[in-house]
Amino acid sequence: TQAIWNDDDSEGYEPLLSERNLETVEVDDTDLPDHLTRDSLKLPELSEPELARHYTRLSQMNYGIDSGPYPLGSCTMKYNPKFTEDIASLPSAAVHPDRDEASVQGTLQIYHELQDYLARIGGMDAVTLQPPAGAAGEFAGILIAQAYHEDNGEGEQRSEVIVPTSAHGTNFASAALAGYDVVELPEDDDGRVDLEALSAAAGDSTAALMLTNPNTLGLFERNIEEIATIVHDAGGLMYYDGANLNALLGRARPGDMGFDIMHYNVHKTFATPHGGGGPGAGPVGVSEQLESFLPNPQVRERDGEYELFEPERSIGKVHGAMGNWLVLLKAHAYISRLGGDGLRDASAKAVLNANYLASQIDLKIPFEPFHHEFVASAGDRDAADFAKRMLDYGVHPPTTKWPENVPEALMTEPTEAESKTSLDQLAEAFGAVAADEPSALEDAPKATSAKRIDQTSAAREPQLSWHQLESR
Amino acid sequence: MNGNTTLTTRETTDEKQTGTPFAPQTDEDVAAMLEAIGVSDVDELFDIPDAVRFDESFDIDAGSEQTVVRELTETLERNDAPIEFLGRGHYAHHVPSLVDHISLRSEFITSYTQYQPEITQGFLQVLFEYQSLLVELTGLEIANCSMYDAATALGEAATLADRVRETTGDRILVPDYIRAERRDVLENYVAGADLVVEELPADDGVTTPEILEEAIDDDVVMTYLESPTTDGVLEEHLEEIGEIVSAHDGMFCLGTDPVALALLRSPADVGVDVVVGDASVLGMGPSYGMGLGLFACREAYLRQVPGRLVGASRDDDGNRAFTLTLQTREQHIRRERATSNICTNQAWVALRAAIHAASLGPSGLVSLAKRCHRLAEQTASRLEEIEGVSAPVRDRHHFREFRARVDDANAVATAIEANGFAIHVVDEETVQICVSDRNEHRIDELVDAFTEVVN
Amino acid sequence: TQAIWNDDDSEGYEPLLSERNLETVEVDDTDLPDHLTRDSLKLPELSEPELARHYTRLSQMNYGIDSGPYPLGSCTMKYNPKFTEDIASLPSAAVHPDRDEASVQGTLQIYHELQDYLARIGGMDAVTLQPPAGAAGEFAGILIAQAYHEDNGEGEQRSEVIVPTSAHGTNFASAALAGYDVVELPEDDDGRVDLEALSAAAGDSTAALMLTNPNTLGLFERNIEEIATIVHDAGGLMYYDGANLNALLGRARPGDMGFDIMHYNVHKTFATPHGGGGPGAGPVGVSEQLESFLPNPQVRERDGEYELFEPERSIGKVHGAMGNWLVLLKAHAYISRLGGDGLRDASAKAVLNANYLASQIDLKIPFEPFHHEFVASAGDRDAADFAKRMLDYGVHPPTTKWPENVPEALMTEPTEAESKTSLDQLAEAFGAVAADEPSALEDAPKATSAKRIDQTSAAREPQLSWHQLESR
Amino acid sequence: MNGNTTLTTRETTDEKQTGTPFAPQTDEDVAAMLEAIGVSDVDELFDIPDAVRFDESFDIDAGSEQTVVRELTETLERNDAPIEFLGRGHYAHHVPSLVDHISLRSEFITSYTQYQPEITQGFLQVLFEYQSLLVELTGLEIANCSMYDAATALGEAATLADRVRETTGDRILVPDYIRAERRDVLENYVAGADLVVEELPADDGVTTPEILEEAIDDDVVMTYLESPTTDGVLEEHLEEIGEIVSAHDGMFCLGTDPVALALLRSPADVGVDVVVGDASVLGMGPSYGMGLGLFACREAYLRQVPGRLVGASRDDDGNRAFTLTLQTREQHIRRERATSNICTNQAWVALRAAIHAASLGPSGLVSLAKRCHRLAEQTASRLEEIEGVSAPVRDRHHFREFRARVDDANAVATAIEANGFAIHVVDEETVQICVSDRNEHRIDELVDAFTEVVN
């Protein structure tokens, strides 16, 4: 059971800082003209002991990887090694982005090494570390594809990006942000790309196909070579969404499968912490023909010294500086710790864990053979209710209701970091919920800090700051 | 587990490490699990056609924790360690120790997006408090709980402007003092919508109503200014500018930051529709530009806002509880019609910023902001006294930083660097200096170094 | 409510590491003779992800100052500022005790400055930082008194140490450890030292009087000057137990009251963390005449350089090295942060808090005026049960059943670090428990990680390791 | 809260700091609290006679967090930073990062003794696991959950020996290789019981049965040896010695540490009654001697053990739960008849040691111990090859460290130090070198430095 910090007087759980002590401070005594300055500022004024207690209590009302199993499908919630935080906290890592290249050689060396590591891992020829998240990586990658086509004089003509129906929502949104029309590609009955549909969709207006492999059902796209041929023959580029790369480390590389562009999610595959929603990082790898389109700047080495340079036909920038440096540093540390063999082992254990967990669960899993994740169906239960009830068993539930080719989907990715004991606990939770009375699911959760939260009224009457809070 | 202990003077791995040290399965576990699955080897679980199998090695060595920490520490020590007087859009203040201690609590840092709000009240509440902080500082009704950085937030503001504007138009106005990096990002964000970015000149560092009147027309979807500007100058005519923008049915977007806002008139009060900027000025030390995109806007845009929003609601016990809300705007539901492609954002940096702001409180925030103003003005005055230095270059109000004119900017910066200080070179005869609580204790020495170097 | 991490399968809460995976490792392949080496070692073998989760869950089942109010009387559970940990974690603080003096000048400077700060704060002439805890400080102090009397040729004769009945148990035990007979001194009806009894007790065999001031009831020993005169006239020394020094900072100093020896509890007065039971530090201050008896070595300064030296008639050592260095470093940081005015303010707020809290409580408080702590009586309730029930209201209870001159004592010390809100919450808890049905007290606690624990069988059939664990 | 902002180049305090920053009461709170109490000023609450009031200032300046951190950092930078090859009773190994992250969780570090076990199960369980670790390593049935350090644990062992012995006697035998500091502490602990400490000579670094036979009689209350010794040598005749001690009804006490015990025959197995030592070899880096007193003994002494003991019990729900137990031995109950005066101990260091040991696991512990043995032997061999160096001085088995003979030990150590390494000088022609996972990567350079320095 999670901690519940509430007191009888409060209408909620831990009070808001604003409910503790809100003070108005006058802004006077400046030599600035009045029309430039505010009159006052009204914010919580509390001491460090009060704040330490506030946040400590709040933290106990938050579930992280170190709290218990976290098999959130497609998010690869693996263990975040603590030592990487120590490196990211070193004073020597705290540098301003406008520092001379000569004075940040250590930082640039780490960028350069990580570019190299990622290129090897993905089978790519060059890598940019600039995109600050997976979706930013997709956007950068699609801009690279766009620049490539423009460079070929096909910028106008190639106005479509093909995305499988079961793909991550970011794929659609990133392509749209870059100005593309999105062509949705249905899956075949086996849960994989429908080659006929792809052939029909691919053509002169195709800029790229965005593909996740293994896909969101955990299935490897066995026809990946044919897929690449179809897209390439149509003049399009192959884009690899790296969300599921943890399934393949050391066993298959996007570059070898015919992908021209890919992004890596270092917070998924390379164990940097998810931070409650970020920061992550979404480096992008490309094949040689696309290298000159990479964002500005890239890092290169000359005689042991590192320098920045602008690629010849660079797309420009997708982040105001060099991306999420401290996250990238942690990813470097993780890769250096595991080495190639460790990464390959991580992948093996991730796939082993998913398959073992699936073997211990009675729910229907329509598509296989899956790799690092599987999508079970909650059957006649509502998947969202199913998930809420799982909370009562002390675990984080899977991703729910997606992809849509599995009814009431429970997309489950245990990662390599769960022990057999922990997987057994998860399997028990699945089993217990499946066996529970329907009402137990609807009333769930009970063993959590907060009980089931009303989403409808949250959206209907949004209260998005303490200024808007009203007692209802 | 046990066997020959190989001794070398560089232990590359823990002696018990065979694969990843972060997978818990024992050999017995693996055997039992394979049996339960019904295969004899993990390899059988991989459904990868031979033609695309990878059978080589990455040729990346493993290392023990101790080795990796030591080696990366040594690599980072290749960075010089000057006292930085650097700003130009990337700022840092002293981060209270509490911020590190709390933000590294694993319940916070190892969690992900709050898809299950019932077990993530802690993070949700901090994000709600973060949003509220920005609402108070900007005067706008809505703040999301993070984008990547100032540049991408600006890009998102432009696409928002394009979405919400009733009439067509394709011009975006930005000031000429904007950092090139921000402009580059903005151009990438608006290219898909076929918008064109144009620069507004400034009058000795600030934008006047006259300048804007000259440039604006009904095709201007968004007008963007900054205050403080990249040069450290405070814009002086925002209210009039806001009226002009509004008269042309454009969106008025302002770039700023939470520390500056503690001192400045609230953006909403001068007619700003959207505030963007980098909020990592609270919560993060210098991080090579790793940021926290601030994004706040008028309530009118609520259903078009990009990014995550935390709202208050009730739970089944009738208690107030928090949840992500209005998710139908987002990519995982709305896909290509989403208000943004953003998913993973900078939530943890927002948590740090919230803790930092709470540690300062309103009194500390206001006092820090005043200090940033006065330190800039005073330091400029002291440099002005030096023969051969003219500062500030702009005859304007400054916040945190200012430009100074010297004979040979590169030579001065190099000589200053030899004294252990880093400053900006803006052009051949201009340097820029940013002062704050982080380098305040070395200002005397910086001034001395200038005196010595220039003479 | 605290977190409760248990699963249905386990017979306890979070399983022991030994219950997760106990492995036997053979010890072979050494070139040592067999009779020197063990055959095997059997201990838990678990991965970092499992350990991180184990300890994170255990931590959530532990109550600290950052969890809520902690008014444990006599322990001064004040807020531990986080920044002091950062300083103690600096690599430059990690030095071996056998390093040359010349190579650890920073460390020695900090020792020297802290000696000086503490001397000023206590009104003492010299301070040793060697004792690693309060009780070790008492022992060192008593050894100094002993050495002093021996030096005067009165070592044999002065065989008694006088200790008030209500004193900390350590006073008795420390005196006994040094070979002294303990003479117990009753309090008068006002809760203070009975001057007549003291006059009767003090004499040729008196080595020292050990006194806490304010005493454990929070009362200032108003007759401190007479007390000192009686003891000094008898040829004895005055020893000050610094446990309650937080009540007097900047308003009164033991040295000015006639004390010859005192110890400081840096983990009480100077906010170093209590660490679940330690480490603390118990520096000892002495008046000039006793300076030459201080433990070996002391730190002194010469022309800006620091060096170690052995005091002329040193008692030798009470710790194998220089005491709890990292704790002392944190104490230095705390004192440097607050400065003299901050310390004085801390004391004022501590006394204010205790008096305010008492004013909000309906229980009888027999003795006053108290300072930083007060001792309430649970009346017809059992104080231990009273405390258990307080746990259900989300607070740590007071120290119970001591001192004995208050029946069913609840010794309450909120410290300066509690807000008014928090004190009101504490007062409510006191009030609610006082109003509860007797059965509610006996059945308490309910809102805790574990329920009431059976102390009797724990002591009757001790199980002190996982080797001894049996299912009962 | 607000007002004139004084600008100096050294901000000594936060601008909002008036008294302690760690007291939360607002001015309004203070007023309300005073009114509730019924006094008009805090001063009235102090019942201190005028004659002993202190009205002066301590003359200690306050500083902001940033300033204090900076100033203490600068002070600590006055410490040199050699690679330490130092041991002689104070050891440190690489401490896994997990140890810091967990032990600094505020629920652990800000708690105190577990007087209320129902809300402190977490710490109690870790201490129980710590006790169990020592039980496994020592083979003895009882281990307490911490004393201050090896020296004070030895002192406690001696007073235990005195309490449990049925016949009188006043002699304590200790080896001549014992560190002077430990002997000094021991003497202070036993003086109150009128015991006398005497030294046993050693034969080329180890204690033989013959040596002991020569010295022992029925007045010997306790015989203490160490293995590894201060010189890094492993004692070779513990079993015979144990029999001799036992024949004279004495207590046999051994000093060692948990890493060495992972390799060595269990003390209980060779007749040891009490094991002491410094367990901070796990969990702490070098800490200027801040330690963790290891104390384990036979079950027969259960009711006479000093220090805290954690035991398993049941709670009202029937679940296994932990609690401090046998507290009637302790000072807060038994006062002058307590088994020790210890109260505050080193619990947090024990928690760190437990986490460190768990991180290593049995495989890691054994492998580390083997490394400590082999590195010492190998490094000694390499130094032996250098003309002018003889190593090891003792023709014995070594663990972690060894002595080497040179012409002029001080000159060698000074020259070695100039190369960035710290070693012990034992006497005019003897140095001592301690090797472990912490300095292993620099052994080559140390050997090179020796070669250069000696020639």
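When the chains are written out, they are named A, B, C and D in that same order, and each has its own residue count from 1.
One rule holds in what follows: a residue touches a chain if its C-beta (ideal position, glycine included) is under 8 Å from a C-beta of that chain, and two chains touch if they have at least 3 such contacts.
Keep in mind the model is a prediction, meaning the values are calculated, not measured.
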C-D compared against B-C, more contacting pairs: C-D
Selected from A-D, C-D or B-C, interface repeating A-B by over half of its contact pairs: C-D
Centroid spacing, where centroids are CA-atom means, of chain A and chain D in whole angstrom: 45
Rounded Å distance, chain C centre to chain D centre (Cα mean): 19
Sites on chain C at which at least two other chains make contact: 2, 23, 25, 27, 29, 45-50, 52, 56-57, 60, 65-67, 79, 81-83, 85-86, 417-419, 422
Sites on chain D at which at least two other chains make contact: 1-2, 5, 21-24, 64-65, 69, 96-98, 100-101, 104-107, 361-363, 366, 370, 374
Parts of chain C lying in touch with chain A, wherever the complex brings them together: 1-5, 7, 20, 47-50, 52-53, 56-57, 60, 65-68, 79, 81-82, 394, 417-419, 421-422, 425
Parts of chain B lying in touch with chain C, wherever the complex brings them together: 1-5, 21-24, 26, 96-98, 100-101, 106-107
Chain D-touching residues of chain B, taken from the complex the two chains share: 1-2, 5, 7, 9-11, 14-16, 64-67, 69-70, 94, 96-97, 101, 104-106, 361-364, 366-367, 370-371, 374-375, 378, 437-438, 440-444
Chain B-facing residues of chain C, complex: 21, 23, 25-29, 45-50, 52, 56, 81-83, 85-86
